[in-house]
Amino acid sequence: MKPEALGESPAAFKTRRRVEFRDTDAAGIVHFSAFFFWMESAEHELLRAAGVDVFHRQQDGGESSWPRVSASCDYRSAVRFGDELEIGVQVAALGRSSVTYRFVFEHAGRLVAEGRVVAVRCLLGPGGRLEPAAIPESIAARLVAAAGGPPGTSG
Amino acid sequence: MKPEALGESPAAFKTRRRVEFRDTDAAGIVHFSAFFFWMESAEHELLRAAGVDVFHRQQDGGESSWPRVSASCDYRSAVRFGDELEIGVQVAALGRSSVTYRFVFEHAGRLVAEGRVVAVRCLLGPGGRLEPAAIPESIAARLVAAAGGPPGTSG
Amino acid sequence: MKPEALGESPAAFKTRRRVEFRDTDAAGIVHFSAFFFWMESAEHELLRAAGVDVFHRQQDGGESSWPRVSASCDYRSAVRFGDELEIGVQVAALGRSSVTYRFVFEHAGRLVAEGRVVAVRCLLGPGGRLEPAAIPESIAARLVAAAGGPPGTSG
Amino acid sequence: MKPEALGESPAAFKTRRRVEFRDTDAAGIVHFSAFFFWMESAEHELLRAAGVDVFHRQQDGGESSWPRVSASCDYRSAVRFGDELEIGVQVAALGRSSVTYRFVFEHAGRLVAEGRVVAVRCLLGPGGRLEPAAIPESIAARLVAAAGGPPGTSG
């Protein structure tokens, strides 16, 4: 089943964070890897806001999680230690078991970076391996709602 | 000037590294961010092998470096703590001031991940800002040679 | 000059943060290194609350910062992805140019870890090297006040 | 049982690594946290050299590992991107279930940092929790031998 594109609505889940020293490098700016950590944490904030389990490991071995199958980032301008970032998250597409997130990072109204992550809902299968599982309707609906809704309903 | 595609030659710069504990996460596997660190370090090994400065900051403020403008990774299979990775690096395209690297990660003959990074050669400009600078012929030639050469010349 | 011990007052600067996935490891718990990042960020929050520069690099090369000369942590119990931590920071001692911070990490009322960091105030000297510099009275006073005050004045 | 101090013999397990860009920060030098990662990886290299399991998780839930109960580092001089470090590891003390490692970091013959880590051998207990377990004689002997032997026997 092809992912259903949801367009890039102006509405989005928003979060903020400040650049920590651990995220800088010897060039004096934020290391490019930091954006991938920030995307993951923003995704997790969105999941929590939607009331969806992020990562769950049970004592008996059961587990649900959202491993990623791809991640990318385009860097538009530099940010430095102490800068505050505004991060927007959208659900750009929903497949049977996958969700595509789009991230926009801004600082003081200036575009800093844009990223994209494809995550797959997985459950622990009988053989002890994580296996993709369909995203239930209710989870899909809550994700889209928390991320600002599909294009037609936003703004 | 459009980047000149060099194809994806079988020849490539090869390096190896073992998964460290710092690179794992609570899902028991390597965290997706680790591949971006490994790409950067493999790129730096290639630059060193080619005799090209990786990052150079002078006391008087001069600086040359290769900041990245985009990075992406597709994850094919999981690796775990202690696994040894073989990393291949190719120069996939060369522009006036940019170089596109392609990375292939394998473990025990199995494809683990594929990545792509676009880095831009920068020098510190008069206003104290990093500015893109043309890649000199000699550096371009050494990079391509160290990465296994353009398609026509490879094994 | 010997550092002046300030004791371990019950008053302290408090901050909170949630365990992110990047901070976990394959043992399923938080990696021991994460506490050092969290100590640094809590210290920086305290400095900001006190109105003290954390790290400042000027275009003309001037720089002030607080490099650390030692750091330690004792681990009392494990925390996991998603757990919320309460972090207390105290100024345990003040020397001519050094400040010793003590950190206490708790989760849901349970002691998780205790740490200690000694940082030294440095300025960029004439030879282009960071050199220890006396902590001005006003900065010392603001630090102690923001961290809850010396023992005699605390609740 | 009190840990048995082994002194600080001149003999030690030695390893090397080069400072990666990920390990630097905006002050232009190595971030203080990097030494904790390097200590852990040097410890793991020592365990491997001694033929001792570092971290082992079985499909049925069994697990052995060496979580740390304390870690500390004293910083003597700075290192920068690209610098090569020589790391010495000694077994400074052995308790019933704990091992204390001492680490010395040098660059080009200059002392960079000294660290200490106390790790505890743990096995997964019946209640699904990691519990300290006695270090078998054979493992203790191999650890000490790989780390250069007790004081009396070293060069």
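What to note about this one:
So that you can tell them apart, the chains are marked A, B, C and D in the order they are listed, and the count of residues begins at 1 in each.
Following the convention adopted for this analysis, a residue touches a chain if its C-beta (ideal position, glycine included) is under 8 Å from a C-beta of that chain, and two chains touch if they have at least 3 such contacts.
Not measured: the values here are computed from a predicted model.
A centroid comparison over C-alpha atoms places A as the chain most distant from chain D.
Put simply, the C-alpha centre of chain C and that of chain D have 25 angstrom between them.
Separating the centre of chain B from that of chain D, both taken as means of CA atoms, is a distance of 31 Å.
Taking the mean of the C-alpha atoms as each chain's centre, chain B and chain C sit 36 Å apart.
In chain C, the residues touching two or more other chains are 21-22, 26, 28-29, 33, 37, 40, 55, 57, 81. Chain contacts in this assembly form a complete graph, since each chain touches every other chain.
Listed in rising order, the residues of chain D touching chain C in the complex are 26-27, 29, 32-33, 36-37, 40, 55, 57, 63, 65, 67-75, 78, 130. Across the complex, chain D is touched by residues 21-22, 24-26, 28-29, 31, 33, 59, 61, 80-81, 128 of chain A. Contacts from chain C toward chain A in the complex involve residues 20-22, 28, 37, 40-41, 44, 54-55, 57, 81-82.
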